[in-house]
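Next, two complexes with chain A in common: one pairs it with chain B, the other with chain C.
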Partner chain A sequence: MTGGRVPRWVVTVVMLAVLVGAGLGVNALAVQAPPNGPAGVRMSLGVDAVVHPLQLNVSGARAYETVLSEDDVPLETVGVWVLVDLSYATTDRPRGPGDFILVDERGRRYAITSRDFDTWQASPDLWVRGTLVFEVPLDALGDLTLESWASGEGPPSDTPLPYGVLDLSVDPGAIEPGPAVISEPELLPAGQR
Partner chain B sequence: MANDVGALVSVPGIARWFVRTWPRRIAIAMVVVLLLVIAAVGGFARVPPEPVRQVAAGEVVDLGPYTVSVESFFVSDQVDVYGLPEEADAWIGVVMELENTQLDGLFVDYQNFTLDGAQLVEARSTTVLLLADDSRASFLSPNLPVRVAMLWSVVDPDTIGDEVRLSLIETYEDTSFLFEETSWYVGDRIGVVEVPRDDDIPPAIVDEEP
Partner chain C sequence: MSGPTPSLPPYVPGGGREDWMAPAREPFPAAPPPLPQRRSRRATAILAVVGILVLGALGWRVSAEARDAWWNGEAHVPVPVDANGVAELDGLQVELTGVERLDDGVSTYGDRWEPPDGLVLWQVGLAVQNTNTEILSLDVLVQDTEGRRFETGSEVPYGVDGVQDSLEVAPPEPGDDPLPDVQYLLVLMPQDAEPAAVRLESTWSLAPDYFRLPVTQ
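Right, the complex of A and B next:
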């Protein structure tokens, strides 16, 4: 070793200190940064809410033992059908309504049934009214939460996007026998929901 | 020094390096003794594979994300007529009940099921039909049990006997080290069902004659 050179162990200690310091610094910055990921937007029944890219107005939910498919066949279920009536428009361009999830008190998450019904498209000035059909077990009824997500997104998302949250109550004692007929989505006159 | 490199990396060179000092000799001796002890107590013996559990038809088995109860199978070319591959002659449909036990809805993992006892066109099934109304039932909602037929396409359906063997393979949940996301991974075969034949096909899934 030549004179004046820094001893090896000092180099090692300094490098370790720089590494640990950089790590702590990044951690501190990450804590300060605004939270990443989706942010819930609370909605109320019968009130317009803006949850980009949607404008939503949910009028209510009802439960039925059977529903008729688009071919007028009663659909069997071991659970119960929850129908959510809503109207919606978009905020930017014509698009479909995205993903709706019904969450029960135990945290179980139910997507729109894939068994028969189509979705439909709206645009910023065109409100469309329709019915979402969920199939849930009987013990899921009671206090439910409707979540509205941009298409393909969900809770694990890192994208800082808004999602709609609405408290919905469906009385387990008020299940109608049905069969419920799902009306075609309709385009609404200006101002109507 | 440079002249010694060839000698050092030769096999005798390396061997000599290993036994040059007493600490090294002792360390090597300890490793050898350890290996001998492990061998003496049977540590290198092969573990006999665990016998695969025989599962009775109708028994509920937990596959991880969902439970399954296998009932029977049928052979038919009258279900999902348009989905049948050209080179196949018929479907084997295994009738089963599936129930998602998670909080989130999820898709059926076809890796959970392998079938023996027929000449399959593809080893994995790709289709699950809901017996109630012939819709696709590959997406399972939490705690909503569904009775379905899982379909495998086969050739030479006449050679199929009164039983097929369905192996049930579990999946387990684990968290990815890199992305901190949990997902399901294929695990061990946890049971085999001798599935009895029942060609009474639930009428809702039988396609009308074209």
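Right, the complex of A and C next:
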């Protein structure tokens, strides 16, 4: 065979095809993948994870029909209370932990309840253990995902900010009547979580 | 109007087709002399510089809001400290009198308080004089040699004799007591943290300026 030169129109068509294909591919990725996907940090139960500027360690989740408010008043719900036990610290300076969001299998997203409880401030390498309280419908139980948005920007952010993702399982058949007592956040000795 | 069709040479079977169909060949024109290599490199360099400038200008324009927020809201311009360790800005004068490690814990409301294992309690002494009525409070943080910052008054006990929960900065009203000569604050840090500086910051009344008082041993 002789190695003839490729015609210019063939080169042009191939280049155009590559450009159009790349554009379509990027569009498909932008539609299918969350904008912050590449910065997601997969976490595991009981294992320290760094989602800069936050370090956190989630020990588990449980469900209750009733919880006690800070004033020892039972808080009722038409759904169920999901309590997530965890400890966290920061990496650089004192700050809040940002947002925690619980996502159910249908993609419904739940923020921490605003009825009585909140997160707490954290400092570098000073770990504090406490409990996050979510109020969700009964059919949300099962396989859940906890997202930790340390930046506080949340999913609407266009900037690829780091966030943590943890798979949690809460058995709908294991809802305890309660009332659950939410302990005050506790400063931990070094090395404890 | 077209002229008469030029007559083709008679077709000869077996003869060369090209000789019959091809127009008269003309010699290729001579190739132009190559551009000087120096000019080509200069054009490439100019193109690269222009590209960088365009990208930089776009980035500068797009980041205007973020830069403005950071510049005005973040403490990043340290106030100069004189040879005596005193820093002054707009009528507010501060001096670090000492940073002391409290290995024995502290007494709070009659009880002994010791930090959890692996954590260390420190006491910071600051002398403050202020005539600026727009600066009423400051956050006091201890920065360690690794750059970590720990806020005084956080995760430490209240009600410790001789120790304040926060730094008093507001100028006293006429008839009020003057600010204490030295104010003491507590800060909790991990065992491996070595204090390097004490920072006094305020997003609302001081930023982008802040006080950075080095810890001298």
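What to note about this one:
Keep in mind that, in the parts below, the second predicted complex is superposed on the first by the 152 of 193 C-alpha atoms of A that agree within 3 Å, B and C clash if a C-alpha of one lies under 4 Å from a C-alpha of the other, contacts with A are read in each partner's own complex, and residues count from 1 in each chain.
To be clear about the criterion, a residue touches a chain if its C-beta (ideal position, glycine included) is under 8 Å from a C-beta of that chain, and two chains touch if they have at least 3 such contacts.
Computed from a predicted structure; not experimentally measured.
Of the two partner chains placed by superposition, only chain B is touched by A:Ser69; chain C is not. Considering which of chain B and chain C touches more of chain A, the answer is B.
Shared-chain residue A:Leu161: touches no atom of chain B or chain C.
In the superposed model, A:Ile175 lies in contact with neither chain B nor chain C. Contact with neither chain B nor chain C is seen for A:Val41 once the two complexes are overlaid on the shared chain. In the superposed pair of complexes, A:Ile112 makes contact with neither chain B nor chain C. Of the two partner chains placed around the shared chain by superposition, chain B is the only one that A:Gly79 touches, whereas chain C remains out of contact. In the superposed model, A:Val50 makes contact with neither chain B nor chain C.
In the superposition on chain A, A:Leu187 makes contact with chain C only, not with chain B. Interface of chain A with chain B (complex): residues 69, 73, 75-79, 106-111, 114-116, 135-137, 139-140, 156. Residue ranges on chain C touching chain A, taken from their complex, read 116-119, 141, 147-151, 154-155, 188-191, 193. Across the complex, chain C is touched by residues 91-94, 121, 123-126, 128, 187-191 of chain A.
The residues of chain B lying in touch with chain A in their complex are 103-105, 130, 132-133, 135-136, 139, 141-145, 181.
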